[in-house]
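Next, two complexes with chain A in common: one pairs it with chain B, the other with chain C.
Showing the complex of A and B:
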């Protein structure tokens, strides 16, 4: 069984960090997923806000090679070197960090280290990070977070709960927090909750 | 008290109007419930829920309400409840409980975000309870809490029980009187006792009260509950098992007695004026007027030994300077009510009956005057109640004045119970009615009223304002509600509370005997009700000390 392609931090600020796979991958982390960086002074948690795949060198656009009947997988198998010339990049919005054995839904003291590995957070970690919906304040404050990202983050977070009742209780609790944050923007609240359900 | 339910936090308000308490998610509060919140520098502010508000934090949720039934719509509704939209209650602050157990009218407010709790028994006890408390019920929505009022204070001034027909006025009156009699029986000295003189229109306060219960159609009434403390008199000539009969002689009737019958017996003003002139005909002037033609004695008195040939009542009227129509009106009215079986011509020795009644009252026993079939006749009821009350009050007044002069023990206190009170003290007769006078004199002569009425708006406002403690059951007319709360602090809130009362088993009590208004569900009148069952001591034993319960034990 192949090791999953590592995702590493390639640029970082306190509020977000950019990550990249060393090549193009078809099954990267997903929109709204909670990821974690365990290296450095503190464990940093974030929500995937953007995914992008394209050429390693943006000045040299990818050409549409391959015969008409070939699928993308066929082309990749026929030209394995292409994958190496492509990159899958991910932008993560920082939503929390670990401190004294607990996960706090606030910014970490320092950004995650460059080239640190980024991996999906465990369900237990997700539940702890999203409890009370307080992580949404960090998420919605980021310029890169639109309603689709917030909706996806809620939807993904609900999956971390074992039962439908627990997931619903979380959705209501987080929704109330969202309602407080977006008290002057009821239309956004509606859009996000629709995206979450 | 820390165990009591926290329902929300104070988010605004004013002392003049009300506090606004935002309810916690999942909490609710009902109109009339008591709420307590800590004052700024110690103590507790106690208030009553006088309004419930549905509010929105921003305009958005109410401008675009989530009405669709999709999963997202349902989630949105759940999310917005208690965030974008929420429930708040208005709590009118009435009382401040000091940390030393003292009580005073609320002059401070809790601070923002102070926790608001439903008041528990300890808080209610601290606000209301006394050694001689009579339980008047449980605050609405607080079935495990009982409100007791000081029985001394309750009957210190007049009491009014107001409500439309079928709301439970009679049952509540009986329960209060029962508690009063039991309390009175335990007083060591005569002047400490309180007795009742009940004008019992529908024969409810003697042996049995008519009662629409699942188990029985009657309940034991005052004499069955207190056999040695209650005497029953009746107007019914065929009644048995009573302590005396009331018979009124025409010679006993004074014009002041007729004045209050102005509306019920259709006496006109000029007819009553004429009555004063006709008194000149002698002590049997009423008997004379009942004759078809003027009797010899009248003729002689008016014309002496030289009367005209065809003497009739018209000539008598002319001779006395009375309008013939007024004389006819007076004669018609007198004829009608002298046909009553308890009225007889001449003297009926009413003073002897009065002596008996007064002696009974002064000995510490209460008197119930039953009307039998005459109870359905308002004129009979008013005539008898007014006649007896006026004379009994005169005697009480003499006794009190004598006691003051000679430093004797004053007579015991007397509570006169009348039904259909607005007929006695409406605007036209209040200044002439003995009941108006008793209400105005307050407790100066140890006599107060317990009035039972459906139409408080018909009562003279001055008299109504003298009624110390008011019990409002459901009322139909806005005018009645307005009349009751007129001049009362927080009247707009109370108005709302009265308007929301249900047709039975809900009452608002406010005024002299209670430190703050209270909406209660009065106690049930059980088939096995014991004498004085509503008295506090008999009702239940005391819990922990009030201070400990309110402020915790000192460590």
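Showing the complex of A and C:
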């Protein structure tokens, strides 16, 4: 069994960080997933807001090769260089950081280190980050966070709770927080709530 | 724009017109050349004897027969499972405007498995000198020396990668350019350096040979201008004076994907090379890839039928989706290439490192003016 391809930070600000796999992967982290960077002065948490795959070198566009009957996997197998020349990139919106043994839904003091490994947060970490829905303020303030990202983040957060009661309790708290943040945008609130269920 | 196109254009038209006239003369000569080739194919030994007679005292390259039916095209066999390995190099030669003589050779390496185990590899690594690692000291650090070192490093990298991949099955090694590094006998390279690089070339070729029949090896020269076969046909009486190259001769005989028979290379240069590497006699064939007629050189020990067919099939398959050039070679080039921006960055870092160690940077006027470019 091959080791999963590492995802690393390639550009970082306080509010978001860009990550990349060293090649094209079909099973990257997913939209709305909480990821964590454990290297550097503080542990940094964020929500996956964008995924993009394409050529590493923009001057060498990918040609649509392959016979009619071939699947993408067939073409990749027949042309083993292609995967190496492509990259899967991920944008993550920073939503919290670890401090004194607790996870706080606020910006970290510094961005995560470049080339640090990015990995999915554990269910326990996700539950702690999203508790009370306070992470939503940071998430919704990001220009990269549209309604689909917010809805996906809530959907995935609910999965981290093991019982229906816990998930329901989280949904109620998060809904209230969302209503507070978006009190001037009822249409947006409705769209996100629909996307979250 | 500093090149005045309005003055260039009329001159360009004249050059194109002249070239077209020469092509018409060439077409007329090709018929005779093909008849001479067919006659040579009827009795290769007799033809070879005539050619060897013509070679005496000539500095021209010639071809001698190797495979039978040397006037027939060979279609490409279907591709077989193999790892295709290719290497290529790019270099920064010492710059007299910089404070210390320093060079970089960047070696691009590619291994692409087709139907065999092993992960694809596309990477590069730099060799910086003068250094023990590079195997070249301060003596005669000219462009020829660095070019020769680059060729040898490419061959060594290919041998190492091929040896590592051979455990997964057959390996096809593709090199860019001639099989034997061109400047191994150049007087512009210091004799001691030549000697060292000759030994390293020999070791790399031996390492490749030790992989046995699982290995196919081809040194690829795109749009070759060689005229070994044309010279031999001239020796056999063909009116081949207007034949510029073997490529022109074979372009009309080969359908896309076909290769020619294998020939043995004979010239003053190959004679000298064979003095150094008697076990690695150079053979070659031409292969038509789209509109290109490329020359492919290989050592005689790699000319067993199975190895040759694997090489031919891999070349055609590799070029299929790569604009008529083997994919692995193209990617090795992409990995190796040093851009103009990287060259400038290297120069600045070298200046900075030298400056920090108290070495005065004499930024010569020409270099300074190129950097500033102010009006």
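Note that the second predicted complex is superposed on the first by the 197 of 197 C-alpha atoms of A that agree within 3 Å, B and C clash if a C-alpha of one lies under 4 Å from a C-alpha of the other, contacts with A are read in each partner's own complex, and residues count from 1 in each chain.
As a working rule, a contact is a pair of C-beta atoms (placed from the backbone, for glycine too) under 8 Å apart; a residue touches a chain by one contact, two chains touch by 3 or more.
Note that the structure is a prediction, hence the values are computed from the model and not measured.
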**OP:** Sticking to the clash and touch definitions up top, decide whether chain B and chain C on chain A clash or fit.
**Re:** fit
Subject >> Contacts of A:193 with chain B and chain C, given as first, second, both or neither >> reply: first
Original post:
Touching A:102 in the superposition: chain B (first), chain C (second), both, neither?
Top reply: neither
Original post:
Looking at the overlay, what does A:164 touch: chain B (first), chain C (second), both, or neither?
Top reply: neither
**OP:** Considering only the touch criterion stated at the top, classify A:185 as touching first (chain B), second (chain C), both, or neither.
**Re:** first
Subject >> Touching partner for A:72 - first (chain B), second (chain C), both, neither >> reply: neither
Subject >> chain A as apex of chain B and chain C, Cα-centre angle in degrees (nearest 10) >> reply: 170
Original post:
Where does A:175 make contact in the superposed view: on chain B (first), on chain C (second), on both, or on neither?
Top reply: first
Original post:
On chain A, which partner touches more residues: chain B or chain C?
Top reply: B
**OP:** Between chain B and chain C, report the minimum C-alpha distance in the superposition, expressed in whole angstrom.
**Re:** 47
Original post:
Taking the complex as given, what residues does chain A use to touch chain C?
Top reply: 57, 60, 63, 65, 78-81, 83-85
Original post:
For chain A, which residues count as touching chain B in their complex?
Top reply: 168, 171-172, 175-176, 178-180, 183-187, 189-190, 193-194, 196-197
**OP:** Note which residues of chain B are touching chain A in the complex, please.
**Re:** 57-58, 60-61, 63-64, 66, 70-72, 75-76, 78-80, 82-84
Subject >> Of chain C, residues touching chain A in the complex >> reply: 110, 112-114, 120-122, 321, 327-328, 331, 334
